[in-house]
Amino acid sequence: MSTSSISLAEAIRLHVSDGDSVALEGFTHLIPFAAGHEIIRQRRRDLTLVRLTPDLICDQLIGMGCAKKLVFSWGGHPGVGSLHRFRDAVEKAWPAPLEIDERSHAAMSAAYVAGAAGLPMAVLRGFVGSDLPNHNANIRFIECPFTQEKLAATPAINPDVAIIHAQKADRQGNVLLWGIVGVQKEIALAATRCIVTVEEIVDKLEAPPNACVLPAWTIDAICEVPGGAFPSYAHGYYERDNAAYLAWDAVSKSREQFTAWMDQHVLGTENFAEFRHQLAS
Amino acid sequence: MSTSSISLAEAIRLHVSDGDSVALEGFTHLIPFAAGHEIIRQRRRDLTLVRLTPDLICDQLIGMGCAKKLVFSWGGHPGVGSLHRFRDAVEKAWPAPLEIDERSHAAMSAAYVAGAAGLPMAVLRGFVGSDLPNHNANIRFIECPFTQEKLAATPAINPDVAIIHAQKADRQGNVLLWGIVGVQKEIALAATRCIVTVEEIVDKLEAPPNACVLPAWTIDAICEVPGGAFPSYAHGYYERDNAAYLAWDAVSKSREQFTAWMDQHVLGTENFAEFRHQLAS
Amino acid sequence: MKSPTRTEIMTIVASRLLGDGSTCFVGIGIPSMAANLARLTHAPDVVLIYESGTIGAKPNILPLSIGDGELAETADTVVSTPEIFAYWLQGGRVDVGFLGAAQVDKFANLNSTVIGEYQTPKVRLPGAGGAPEIAALAKDTLIIINHDPRKLVERVDFITSPGYLDGGDARKKAGLKGGPSAVITDLGVLVPEVDSKELIVSQVHAGVTRDQIQEATGWELRFADQVTETEPPTELELTALRQLLERTEASRRQAS
Amino acid sequence: MKSPTRTEIMTIVASRLLGDGSTCFVGIGIPSMAANLARLTHAPDVVLIYESGTIGAKPNILPLSIGDGELAETADTVVSTPEIFAYWLQGGRVDVGFLGAAQVDKFANLNSTVIGEYQTPKVRLPGAGGAPEIAALAKDTLIIINHDPRKLVERVDFITSPGYLDGGDARKKAGLKGGPSAVITDLGVLVPEVDSKELIVSQVHAGVTRDQIQEATGWELRFADQVTETEPPTELELTALRQLLERTEASRRQAS
């Protein structure tokens, strides 16, 4: 029951197909940027992207025409403002129309929990008084059979593929992440297939008790991609590159500049290591 | 926002009243025996005991007449067989009739989760084909509004008091437990009041990342009771006393021998330290 | 000492409303600034909860994102995103939700979803994030927003997060407790009138006239019987705020 | 080498049914013994999951309770009780549920609740524990029980955990997949007949006659067309099992 590591290009080739629903998670931390880039390089199309906070990684995928739909709860540039490519797709259908399934963080994280737990729906105290349920059939209300209270329900999320970035895997393929762990365990378990990029592969995981560990047999591909969460951060390895985040605002503002940047830095590089090298120089 | 430590006797006096529902948890590990004994010493009555696995600790409380009701999912002597005092209460109403609310581990742990999460009920794939729902109105079935599947529902559990044993607290009252953590975080958060006994109080908690930590402001009383989980175990401190467990079978078999043992060892001692000292000699 | 800017006053006034020992679910930006200022001044035991799962965070610098490493490293505990919303917010453990928004209306409803129609938006905003449930489930909500007639509007284009809905007992009828107790702006403070739940001006910052505040508001404003003037920032408050921002700036310069 | 006892044979036969690399949700007692024997012999990569939350436990000695420290220390990860049932069992990640019971009936339904009436039990048994959901949600279930006419009964007094309910497609109609594939006893192995789902004898241990097995069963037994005789325990199996038990005994003596 061990999962041996493969290249990220191979993992995306094997496990991500056109039309798939793909959850890329990491709540401000451990965002799988390298994997997102590889999806762009391999020119996947018609993906349903699933992510609580579709920040730069989804802005890039959407702007490059990989997505037909977005399941999300907050699509902004953290601490900065708008995601220009996301807005351009929703407001002006560029480069393609983008269907949206919009919930809230509480609902989406509960939907992942339901997905991991084999339930068809999540139940929460949510959306009361909000206009969102008027625009999303995936938000309904049910009645508690014991108290007759009205509760919100939302369908479980079970993506075709989950992609996460973690700090470590051992040689058997067991994965350890720590710090802000977000919804990563949940999407890994909710998805049909799971790709994990890691900072490093080690002999022994040395996980502290009750740490967030994914056993090898729950994972389909492990790829060693040091720095694979850049410009987000990997706790214990490197910090968030706030300057790179701030710079994205200008890069992404115009379609032309965005396209040129992506052509040069993502499509024009072989892999994430080359991308980072090119960007640094 | 700190919780200073008090004696266990004081904590039980302040927070456990006749008629309360009291959850004592610890899944084979960190079972709060010292607190159970103190409830017996203080002769509380008409308690609703809540525990997934009401093993020796509940056998003692039931046999001593503290309980009027038991909410549970498995009432046996682990690895041995019957709980004689529990059986005597259910089968022959001795020393008093015992009402039961019987679910399964999956349902009870989900009910604690719902309790901690402020939901009135838990939803699970449970009890299909089982006779339990025919005998417990706290197990019902609902329909998923998205898939029309039939799902089990059970009311949230929100005890008046949660009592747990943990390895450590710091001087501010933050609590750390590790190893088999069971449902302790959930009941601590589901209950109105929470008492925690700990192996030791330390200057710094030194919790590893993402450990099971309860912040001081979620806890009402912290009591330093070294060895307070005996004869169960405290990971990193001492092992399960299997001999003491095995011995319980003979001690508890007859009403007379049970009563004599409890009179001598529990009612006849001032506190848990004296109990352990007496038992060892 | 340089006299305080309007934004500084807004931040300081908001920080004053946070009680010591309370648990506060903090949005990013000015809410985070105000909450940390409270922690560094009159409320050392405030418990800051961020939706990234950090409980009891005590950041020395302000996070740019809601899940910076600084938050995790200084927290009492870090839990998963599902847990922070289920056990901590929905579980009823949050005293104060500290929120910003693109628009707030007369009944303190918040919009962070769209300007214009949902299907054909003029401006697509980031969306709900944690706000609908924070606004619904925290015992109290504080809202921080810059005064501007396009931001303080008679009726929001879209209710992302409930304030008092149509006013009066509409929120209660919908099954919600709590509700916003104050909207803090760079011009003053608005509070819901007891019965109608319409936001009225209860406080103005020094030097702000009623006309100014009316001009910056998208509906015909009413004023409380007793409108107080904001107590000027103390030197302690101003120093703590400026040092916090300086530390933050220095750290960002160093990192880039 | 001392010839094997009936209990040893039962344990070894059960262990053989556990495939290498499968994930197995293990009950305490003989199920745990058989599952660990499988791990120590032909199935080194079996993943043992205990309801105490230990995933991938590799105990060197047999736990007396389902949550001994030995399980936590040797596990790949230890999760909470709610998580083990929600994400791991209900999430569909368990291939085999390994269960014991006080009674099993003709359609492989299990009783661990009461002998007699629920409200006025003759014998109050421990109860459900994890079993109803293990029996319902594991892809396959293996049942281990000693052959005895009070244990293998025509109809259990109480269905704690579903086998094939009333037989035929009753289980499927109730919305359940899977179902028990074998009942392993100290006399032989019973399996559900393809359509009726009635348990029939497919295998007898060496030296056991049909009469013996019928006498020890509470309903009129039927036999498969081809009843095989159990392959005798190999020396490897027997040695591994006995050493496991010796290590366990030694450790318990030492502790007490």
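We just call them A, B, C and D in the order they show up, numbering each chain from 1.
Here is the rule we go by: a residue touches a chain if its C-beta (ideal position, glycine included) is under 8 Å from a C-beta of that chain, and two chains touch if they have at least 3 such contacts.
Quick caveat, the model's predicted, so the values are computed rather than measured.
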Any chain in contact with chain A as well as chain D: B
Rounded Å distance, chain A centre to chain B centre (Cα mean): 40
Geometric centre distance via CA averages, chain D-chain B, whole Å: 28
Rounded Å distance between chain C and chain D, as computed from the means of their C-alpha atoms: 57
Overlap residues in chain B, where contacts from two or more other chains coincide: 113, 118-119, 124-125, 149, 179, 181, 185-186, 209-212, 235
Where chain C touches two or more other chains at once, by residue number: 72, 78, 86, 90, 137
Chain-level touch network, classified as line, ring, star, complete or other: other
Listing of all chain pairs that touch each other, if any do: A-B, A-C, A-D, B-C, B-D
Residues of chain B that touch chain C when the two form their complex: 1, 113, 116-119, 174, 185-186, 189, 207, 209-211, 213-215, 217-218
List of chain A residues in touch with chain C within their complex: 27-29, 52-53, 72-76, 78-79, 82-83, 86-87, 90-91, 102-106, 109-110, 112-113, 124-132, 135, 149-150, 179-183, 185-186, 212, 233, 235, 239-243, 245
Chain A residues touching chain B - in the complex, by the definition given at the top: 118-121, 123-125, 138, 140, 142, 144-147, 149, 151, 153, 155, 178-179, 181, 208-212, 235
Residues on chain D engaged by chain B in the complex (per definition of touch): 28-29, 51-54, 63-69, 71-72, 78, 80-82, 85-86, 89-90, 109, 113, 118-119, 121-133, 136-137, 158-162, 165, 171, 174-176, 252, 255-256
Contact footprint of chain A on chain D as seen in their complex: 21, 23, 45, 47, 55-56, 72, 76-79, 86-87, 90-93, 137
